[in-house]
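Heads up, the next two complexes both have subunit A, just with different partners, subunit B and then subunit C.
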Partner chain A sequence: MKSLLAAFALTTALTLPDLAMARPVTLTTTLNDYGGDGAYLALYVTDASGDYVGSLWMAGGKSKYYKHLTDWYRATGGDTAQVNGITGASVGAGRTLEITLDLADALFEAGYTLHIDAAVEDMRDSPNEVAVPLTADGAGTPVRGRRYIASFAYNM
Partner chain B sequence: MIRALHRWPGLLALALVTILALSGAALSVFPAAERIGAPQAEAGLTVATLASRIQAAYPGVEQIRRAPSGRITAYWFDRGTPGAAVIEPATGEGVASADPSQVERWLTNLHRSLFLGDGGRIAMAAGAAAMLILAISGAVLVARRSGGWRHWFARLRGPLAGRLHVEVARIAVIGLVLSSTTALWMTASTFDLLPDGGAILAVPAEVSGETGFALDRMLALGQTPVAELRELSFPYPGDATDVFTLKTDRGTGYLDQGTGALLACTDLTGWERVSETIYMLHTGQGASTLGLVLGLMALGVPVMGATGVLVWLAGRNGRPRIRGSQPAGRAETLLLVGSESGSTWGFAATLHAALTGAGQGVHVGPMSAFAPERYSRAQRIILLAATYGDGAAPASAKGFLDRLRAADRAPDIPLAVLGFGDRSFPAYCAFARSVAAAAKAKGWPELMPFDTVDRQSPQDFARWGRALGDALGIDLELSHRPVPPKTETLTLVSRRDYGAEVQAPTAILRFAQPRVPLWQRLTGCGFARFAAGELIGILPEGSTVPRLYSLASGRSDGFIEIVVKKQPGGLCSGQLTALEPGATVTAFLRRNPGFRPDRGRAPLILIGAGTGIGPLAGFVRGNARRRPVHLFFGMRHPGSDFLYGEEISAWREEGRLTRLITAVSRGTRPRYVQDALRGDAAQVAQLVRDGARVMVCGGREMAAGVADALAEILAPTGLTPKVLKAEGRYVEDVY
Partner chain C sequence: MTKKTLTILAASTALTAAIGVPAWSAMKAPADGSYRPFAMQSEEGAQTPPLVLASDDGDDDRRWQDGSRRGHDDDGEDDDDEEDDDDDRSAGARNPAPARTVAPPPNGLFGNGAPPQSQVK
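What follows is the complex of A and B.
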């Protein structure tokens, strides 16, 4: 399990004044057996109008492959500063990525959507593999990705 | 130095480099297979037409990709389920699964990272670096061994392992340099060490907001041939702000889904193009034939690895170990050796030990590694030079004279040259002499006058050593004991006697081949590999000085045969000619690579007298390819010393021998072999004009007479024995 305390600083208006307004959230992503090398995953948040707000996690260390995370790459212009300090290894087929972050309360019930883009070498790019609205009710409800992700859930 | 740079990376990285090469060779097959197997688009097909066909077959199409092999893959969603297939461009229908090959994926991961992630990638990059160092240092060594880059494909001599190592290397080196440099580039790119990431094209903020413009009416797609396509991504269904993304060989562009207009585009950067070209060169994706060639060359690596280890092991055994040789840049005394068979290295070892004992810093190396610009601390250079054949450079001195002659000026470091040779040969120390003469001509200062050592004489060497000691102001006592060659015991199987009636008692002695251990068979050491014309050294009882005889048989004949004439008072010939079947002698093999038939098909003219028939008979016996052979044989009396008389008629019937011309020196009209040549002048001249090769074996006087006779015979043709010698078409083995 990866645990991060306040490492996540949203780039625009959502920086955290203090930790009392945040809560720990565990993001669990399980991949299916798609029969390829480790997947690159970008977890990020957009606001109600669909604009990029900030990144939560980048699974995959080599920035030259980020262009295959198409939506994230378009939104950020491939800016690696967006994932500084929140980058880990790529996730193998059938494996689970579990990360715990302190997320600002203001992100919930406010029209924000959590997205995951996925890419695997020599296989199709899968932008917007998962898109789930961040709500208190939605917590703990697993959703299925389009191609590589067998289930994704966030728990508070 | 270069040799160490070749040896140690080779031995240390052997396993890594072998895995790299084998997996790389296996991977090289995939692009070619894909190229053959992929349905290709018809010429002139545009992306617009192709995309329309695919969209008709798969309305939920999301992305179309074209691999460098021409294979087109489409990805789509159908009622929430992703699908993918390899597309037949003519119909737009899927024809095969788009799943990547698991074998290829496994091999790729082995090849680039040993399944060990980034650590494995770095290890494999180190393997590629080792391969590059090996290729470059090996190329330098090959050039040095063959006497310069111009002689890259020169014929090789020596044991099989060494020849195989160089033969494979000469061809494979170019591929290995290419594969290893591109590998290092790709690793650097993977680790973001190169600025080849490419420009980022921002998504246009302004779009028409419309959807559903027909693909076949989009101008940009209609103008792009499928051959240039890399990827076409479709907008998200229902998202009017999204765009088509088109990637081609030239760059990336965005197309409006409502109007088909090209909204923005960008070209590939120079770095990206370079990286893509390097990727293509390394993987063969887009250059599958080159990939196969590189894969084939990579297969040479395990061969070179195995032979390289054998060469290293054999070298450790063959040459005396010289301990404590200083680096060339730090030594006061440079000791450079020109040796063919290795015995001069023994003298160098003795001198090195004595000088080191006297407190000197001494570097020992081959003359071929002569590099005066590196000798920053040197106060003297000593050359120990043997001679190969008639004054040619011995193996470890290849290129020395060329380099000296090409230099602007000789070094200021005083020089001593000591020649090693055999006074019974006219070209006594000829190579060392030409080195000394060339040095003088260049104005190289002299440390000591030129001197020689006759037949590895320890006395000569000690005398020269005292003179060297005087010149250096130290007490130098050189007591050289030659390393005794590794001998075998040979058992006589049979003997045939000739010539007793003409006062020339001669015997053809046939010995059984000794049992050869596997190790020797692989390295070609000792009696594992020998050919007619090579030499056998026999140590007579009661003496440590060996006598050399020419071999009349090769390994494939299954026996060891020599022809020996009893010399009056001769110790060794006396013992040998008295030998009875079942008795044994102590012997070793001495290479004589200069005296053997070449591999061509041109006629051979073999000329010999007396026991000189031995190796020539061996050549005829081994002439399985029925090459035209003309044998001139001088004897005393056909009734007494017609050596190999019975076999010769059989060989003629079998076609191994074209013609026999004899000369009989006893009787009413004495005739020598040179007279027989003159009598056959017209045909001999014609044969030589047609490219025949002349091989002479026998006594010194006979050889001189033959050379004179040939000079006369060839005069009308404008050729001389000297010219033929220079071309390697006239070789002698005289005693």
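What follows is the complex of A and C.
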């Protein structure tokens, strides 16, 4: 019985830090009525030196169009493994994409920046449409994009 | 010895011709069963279909660049049309796995909690 309790305590002790190290974060992106087809969006993170760290989401499932997400493509070489399991449909004009991800706490208050590249068929590519530092204070504050994104906000 | 070799050669050639020519003719026979001389069949063989490139991505990409092929739906939905899927297969470029079919990439950004969820409103 004693050994069972010890094992239980050990597994709890090992599990709790894991739970505390990540939290659900909702990323909400609303597009303008730009009058075109669905937009491809790449959401990714760079570190304090501006180096690519990883991707958070890819809206748009056809890899042949990823070269139009120019900054993301330059950073990743178009490697689709970067967005395996975090890819959804492209987002229509005027629509809102809401993504909830379990993100590491270490992402916040550590100099990381979330970027969004956007591209629309027959329209101009828009790299770095949004760039927001990931901080606790910045949560819930909407940011306007340069061309296609009416507002972007993250909530924890 | 030479005579024997020649005999074997002649026999094997005759055997090959006896088996090969009917088989070749059957493969080249037109669907309507009409006879055509061998030379004509060879000529026909030379008229192969035009070279088809493995990828026709260029056509699709032009829609993203010069605006020459508008006409997609403007309903604001995902434009991943069904017919485009064939293009993807021929392109050789692998599309990423959709969310919730595999785990997110191990890039250090994700925790081990709930899988990604998304909705378009």
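Keep in mind that, in the parts below, the second predicted complex is superposed on the first by the 138 of 156 C-alpha atoms of A that agree within 3 Å, B and C clash if a C-alpha of one lies under 4 Å from a C-alpha of the other, contacts with A are read in each partner's own complex, and residues count from 1 in each chain.
Note that contacts are C-beta pairs under 8 Å (C-beta built on N, C-alpha and C of every residue); 3 or more make two chains touch, one makes a residue touch a chain.
These numbers were taken from a predicted model, which means no experiment stands behind them.
After overlaying the two complexes on the shared chain, residue contacts for A:Leu43 are found with neither subunit B nor subunit C. Once the two complexes are overlaid on the shared chain, A:Gly35 sits against subunit B and subunit C alike.
Contact with both subunit B and subunit C is seen for A:Lys62 once the two complexes are overlaid on the shared chain. Of the two partner chains placed by superposition, only subunit B is touched by A:Thr70; subunit C is not.
With both structures placed on the common chain, the touch criterion links A:Asn128 to subunit B but leaves subunit C unconnected.
Greater residue coverage of subunit A by touch, when subunit B is weighed against subunit C, goes to C. Of the two partner chains placed around the shared chain by superposition, subunit B is the only one that A:Arg147 touches, whereas subunit C remains out of contact.
In the superposition on chain A, the residues of subunit A contacted by subunit B and by subunit C overlap at 35-37, 61-64, 89, 122.
Interface of subunit B with subunit A (complex): residues 62-63, 75, 77, 80, 82, 84, 99-100, 102, 105, 109, 117-118, 189-192, 196-198, 200, 202-203, 233, 236. Contacts from subunit A toward subunit C in the complex involve residues 18-19, 21-24, 35-38, 45, 53-58, 60-65, 68, 80-104, 106-107, 119, 121-122.
On subunit C, the positions that touch subunit A within their shared complex are 57, 60-61, 63-64, 67, 70, 72-80, 84, 87-88, 91, 93-105, 107-121. By the touch criterion given at the top, residues 35-37, 61-64, 67, 70, 73-74, 77-78, 89, 122-125, 128, 146-147 of subunit A touch subunit B in their complex.
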